[in-house]
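Worksheet: the structure to be examined is printed underneath.
First chain written, first letter: the chains are A, B and C, and each begins at residue 1.
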Amino acid sequence: MDNNIAVSMKHITKAFGTKVVANKDVSMDIRKGEILALLGENGSGKTTLMNMLSGIYHQDSGQIFVEGQEVHITSPKDAYELGIGMIHQHFKLVDVLTATENVALGMDKKKAKNNRVIAKAIEEICDKYGFDVDPKKKVYNMTVSQKQTLEIVKTLYRGANILILDEPTAVLTPQETDKLFAVLRNMKADGKSIIIITHKLHEVLAISDRVSILRKGEYIGTVKTSEATVQSLTEMMVGQKVELDIERPEVENKELRLQIEHLTCLDKYGVTALDDVSLDAFSGEILGIAGISGSGQKQLLESIAGLQEAQPGSSIVYINPETGAKEQIIGKDVTQIKKMGVALSFVPEDRLGMGLVGTMGMTDNMMLRSYKKGHSIFADRKAPHDLAVKVKEELEVVTPGLQTPVRRLSGGNVQKVLVGREIAAQPTVLMAAYAVRGLDINTSYTIYRLLNEEKKKGTAVIYVGEDLDVLLALCDRIAVLCDGKLNGVVDARTATKEEVGELMTHLKEEGVSADDGNDK
Amino acid sequence: MTATTSKTMTTHKKDPLVRIVRRESMPLWKSVMVRVIAVVASLLVSGVIIYLLTGASPIKVYGSMLQGAFGNSPANYSQKTWITVRDTMMLLCIAVGLAPAFKMKFWNIGAEGQVLVGGIATAACMIYLKNLPPVLLFICMVGASLLAGAIWGLLPAVFKAKWDTNETLFTLMMNYVALQLTSFCVAKWENPIGSNKVGIINQGAANQQGWFPAIFGQDYMLNVIIVMALTVGMFFYLKYSKQGYEIAVIGDSQNTARYAGISVKKVIIRTMLISGAICGLAGFITVSGSAHTISTSTAGGKGFTAIIVAWLAKFNTFTMILIALLITVLDKGAIQVATEFNISKDMSNMITGIILFFIIGSEFFINYKLIFRKKEKEVA
Amino acid sequence: MVGFVSLFQQAVVFGTIIMFGAVGEIITEKSGNLNLGVPGIMYLGGISSLIGVFFYENSTDNPNKFVCVLIALLCAFLASAFGGLIFSFLTITLRANQNVTGLTLTIFGSGVANFFGGSLNQLSGGVGQLRVPVTSDAFRIQIPGLSSMNNIIGELFFRYGWLVYVAIVVAILAQVFLSKSRAGLNLRAVGENPATADAAGINVTLYKYLATCIGAGISGLGGLYYVMDFTQGKWANDGTLEGLGWLAVALVIFTTWRPKNAIWGSYLFGLLYWVYMYIVGISRASQELFKMLPYVVTIIVLIIISLRKKRENQPPEALGLSYFREDR
């Protein structure tokens, strides 16, 4: 066996339940002293694969070899013992403790040293690789970047030789990213193996030695970064265009419905999530929003729904279809927007956490948007009941009964309940985010059909999706977000998959106007 | 586990011996059975304890418990039963008041204090306004007790809504502020002077201003009517009203509530006003409808017991009737046993505690199931 | 001056009861368990020590003071820890709601204590007849030498039974444990973020059980002190101990979950509790209003810490929540 191989994964398969296969017969190697980029779209199984190395999951079949010996990793502790450490997207840190205390947490008695010794060790690690961590600083005072650094230091202190970073740059500014890459290179020079999970092509090209690509849970191949280009990687990542049999009616009665100008929002960490986005939505059209997850889709939709605060200078104007009056949405809350006569139907990403009340049945969930109707102090249950019956029949919702709490339904049925309710409100603007995530083919097609019906009725539909094939087949125009910026708007009837994929992953030069996407 | 030792392991991953899995649902009869078993088991345990303490046969003890709650001779069947009913109503009334707060996941631990201030307000009306016409006097008493309870509920709610101040601890402290306020009023109104007791207010057949009138010849009938009306009303309020719907949505997820355009702050404050007011009304019922006096034991820990009643009933006010009755019967029964066997009547709290432990524990078997490790075939 | 000295002394005596209760509860709450059973636990601690030494003193003609103290301490600690165990089993293993379980524990504890207290009183011939003079004397031994100082320092600081000083030592030890030791660090992590603690290899369930049981055991010593020193070995069923138990819960908030603050905080609470006795010219009714002070002060502190949002002063992040690994 090659002495240069740090970890070898052979024929790894992992399924969740009976339907979803996250990884299918994946084999790959990680060499010593290299930075390997693990590239793939959302849902391609990158994180699941790495979670098996770090002891979060256990593979259904297949073998893992570390230093040529077969190992069985059943817990994060096992992984640590083997020198494998993973930095997850959600940091595992205790906010009110200091950096040193977080590093010391849960250590074995044998290794348990006093805080001064640990603080000194932290400083040594920092000096060695160029980190910047204040051992006495409390985690809640740290920036996201500092927390991430602390996670890496913690992993190194515990003796990791193989570091896995799950989308480490998602939460960082460009400057912080540069700093991170610098220390990663230092660690590589020290002989550590680093796996960086990402879907940002320019980062892959900037930092990695080799790139392994996953697509829909399957291993596509590994190439040397020096021999790869943006185009070649995009092709491997998105694959051949798959022809989908989705109906696409022609756009009729196209009227301006929403006019978004200079929309800028911050995420909950105060990082700019949406940067000066200007975009129009028209009636009778489906506007697709493409982008790697976390590129600002959530903030875009929530701004329109009145759930997200926008920065000064942002504007979202709604043009009333009946009167033609222009109404400013920003600065109003959900109820006010509703009262203005603006009908926004919003299918949030987190179906159970926000769109539906998990402990309530279908009927009660139908009421969520309409329960205030009428002057009686009692809520009208007749109409929601009828609606629930209608949704159940028309969308073939599988539920033991209308009173069964919706959290007991399967993901597809939950989604049908949500979309069914939103459409029933007869919106003039319908927003749907990841409406088919986790759904089977038939249910997905039901959703597409419903969206198309809305489009024919003259609704302005905004569809945030992750499957490029679907976006290209369903939408009329596709706006592509990249790093919170609008990186281009393409005509979905003529654009190619590679074109969109590149816009998603590779930010164009500043100053390029959004409409240039059509020229490519 | 090190790399070398793990090598000897097979690929078979060991599951823990018992796994706990959340149950999706349980048929009603089954969940009722679990609770019945819990109550029976707790009675057996209490029986053993009573036997060890008194040497009396448990059957005999349970017999005298029933007698304690419902009377032991034709002469006192009615009287004892009515006292049991009266106390059940009191407990039920507080639990009904707590229901909307708990359904909203707002931990109102302050019922004890809310009852006390309601009682103070009632007693004040009885003392200072006794010359008013009875109808007016009753309107004042009801109004004052509702207001007092509402204020006691409002304070923690405002701070919770605006600054997310921990409501469990806040309402808990408010109990003791109310308790001292009661002591203050008792000292102010004491009768006779020096007794440190308020004594029966407006005593004497000719007076009795502000006392509940007997209905159908029953002194406590009005208590029953008011509390049952509240119980039914609260059931419909929570289940069918728009406000009840808002409470339920907030209790499930504040995010969803915001998404639906519900003002979470407004609903928290409004709901606690209602919750506090009903608890205040419970104080009115106690002072005007049974005790006819005010003391620091007017609430008598029922504000705390009612929390358990409301929680165990899962906010269903009709289920609360059963649980409140069970606890009151046990309480009365245990006092009877204590008297009969010449032991301290505080035994009732001990027995109540044991039974509640069992019922609380039994919830686990309704919400979760245990899966024991099966012998799986080794997969090579 | 005489007035102040005796106020101070009363404050210290009451403060000591509260301090034991609060320090125990701080340890419990640091694990994320909000145990509202503190009054019940203090009752359990008080009555168990009394029963234990009552039978010992009655079984021998010449009870040994050392054995008396040992029996009392053991009984109090074990019975209280048993209360904590009931709470732990129901809330950690059976995942019951903490508030409901804690309140039930308080009902149970006061029931058990007053039942046995009342029964033993009857057994020994009436209220106030249940006495354990030898043990009570043993607990009220003052520090030799220092206590005979006949100046103001001696009167203020050295006229107490030795448990007063034990309470301070326990509070200091608890503070050192939480802020300096590795196990204390792990415990804090469990109460703040059990999922992270679990991922770091900490046995969350074990920590919660131990913290709750040991915390309850310490709280129970407050009941022991109340019975042996304050009521001088008698059982009085007047609800004072329950009120003190809730004050201990209040003090936990007041200290912002730091045992070191419990040392002065508890004496301050005692001072606020008794100050009405030393204000000249107020009516008995107004005295009752003064007794509100500790609770009102606690509410104000609670409001201030929620307004200031200073992270160090907040309750443990996961306080009151159960932790199930599969819910991650």
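Everything that follows uses one rule, which is that a contact is a pair of C-beta atoms (placed from the backbone, for glycine too) under 8 Å apart; a residue touches a chain by one contact, two chains touch by 3 or more.
This one's a predicted model, so the numbers in the text were calculated from it and none came from an experiment.
Novice: Please give the pair of chains with the highest number of C-beta contact pairs.
Specialist: Pair with the most C-beta pairs in contact: B-C.
Novice: Could you tell me which chain's Cα centre is nearest to the average position of every protein Cα atom shown?
Specialist: Closest to the centre of all protein C-alpha atoms: chain B.
Novice: Quick check: how many Å separate the C-alpha centres of chain B and chain C?
Specialist: The computed centroid separation for chain B versus chain C comes out at 26 Å.
Novice: From the C-alpha centre of chain A to that of chain C, how far is it in Å?
Specialist: Between these chains, centre-to-centre, one finds 50 Å.
Novice: Of all residues in chain B, which are in touch with two or more distinct other chains?
Specialist: In chain B, nothing touches at least two other chains.
Novice: Which positions in chain A touch two or more other chains at once?
Specialist: 77 - these are the residues of chain A that touch more than one other chain.
Novice: Once bound in the complex, which stretches of chain A touch chain C?
Specialist: Per the touch definition, chain A meets chain C at residues 76-77, 92-97, 101, 104-109, 112, 138, 140.
Novice: Report the residues of chain B in contact with chain C in the complex, numbered from low to high.
Specialist: 20-22, 53, 107, 109, 159, 163-166, 168-170, 172-177, 179-181, 183-188, 301, 304-305, 307-308, 311-312, 342-354, 356-357, 360-361, 363-364, 367-368
Novice: Over in the complex, which chain B residues touch chain A? Could you list them?
Specialist: 1-3, 6-7, 9, 11, 13, 24-25, 236, 240-246, 248-249, 252-253, 255-256, 258-261, 263
Novice: Applying the document's contact rule, which stretches of chain C touch chain B when the two form their complex?
Specialist: Contacts found on chain C: 34, 36, 86, 89-90, 94-97, 99-101, 103-119, 122, 237, 243, 246, 249-250, 253, 283-289, 291-292, 295-296, 298-299, 302-303, 306-307, 315, 320, 324, 326.
Novice: Please output the residues of chain C touching chain A within their complex, sorted ascending.
Specialist: The touching residues are 182, 185-186, 188-189, 192-193, 195-197, 199-202, 311-312, 314, 317.
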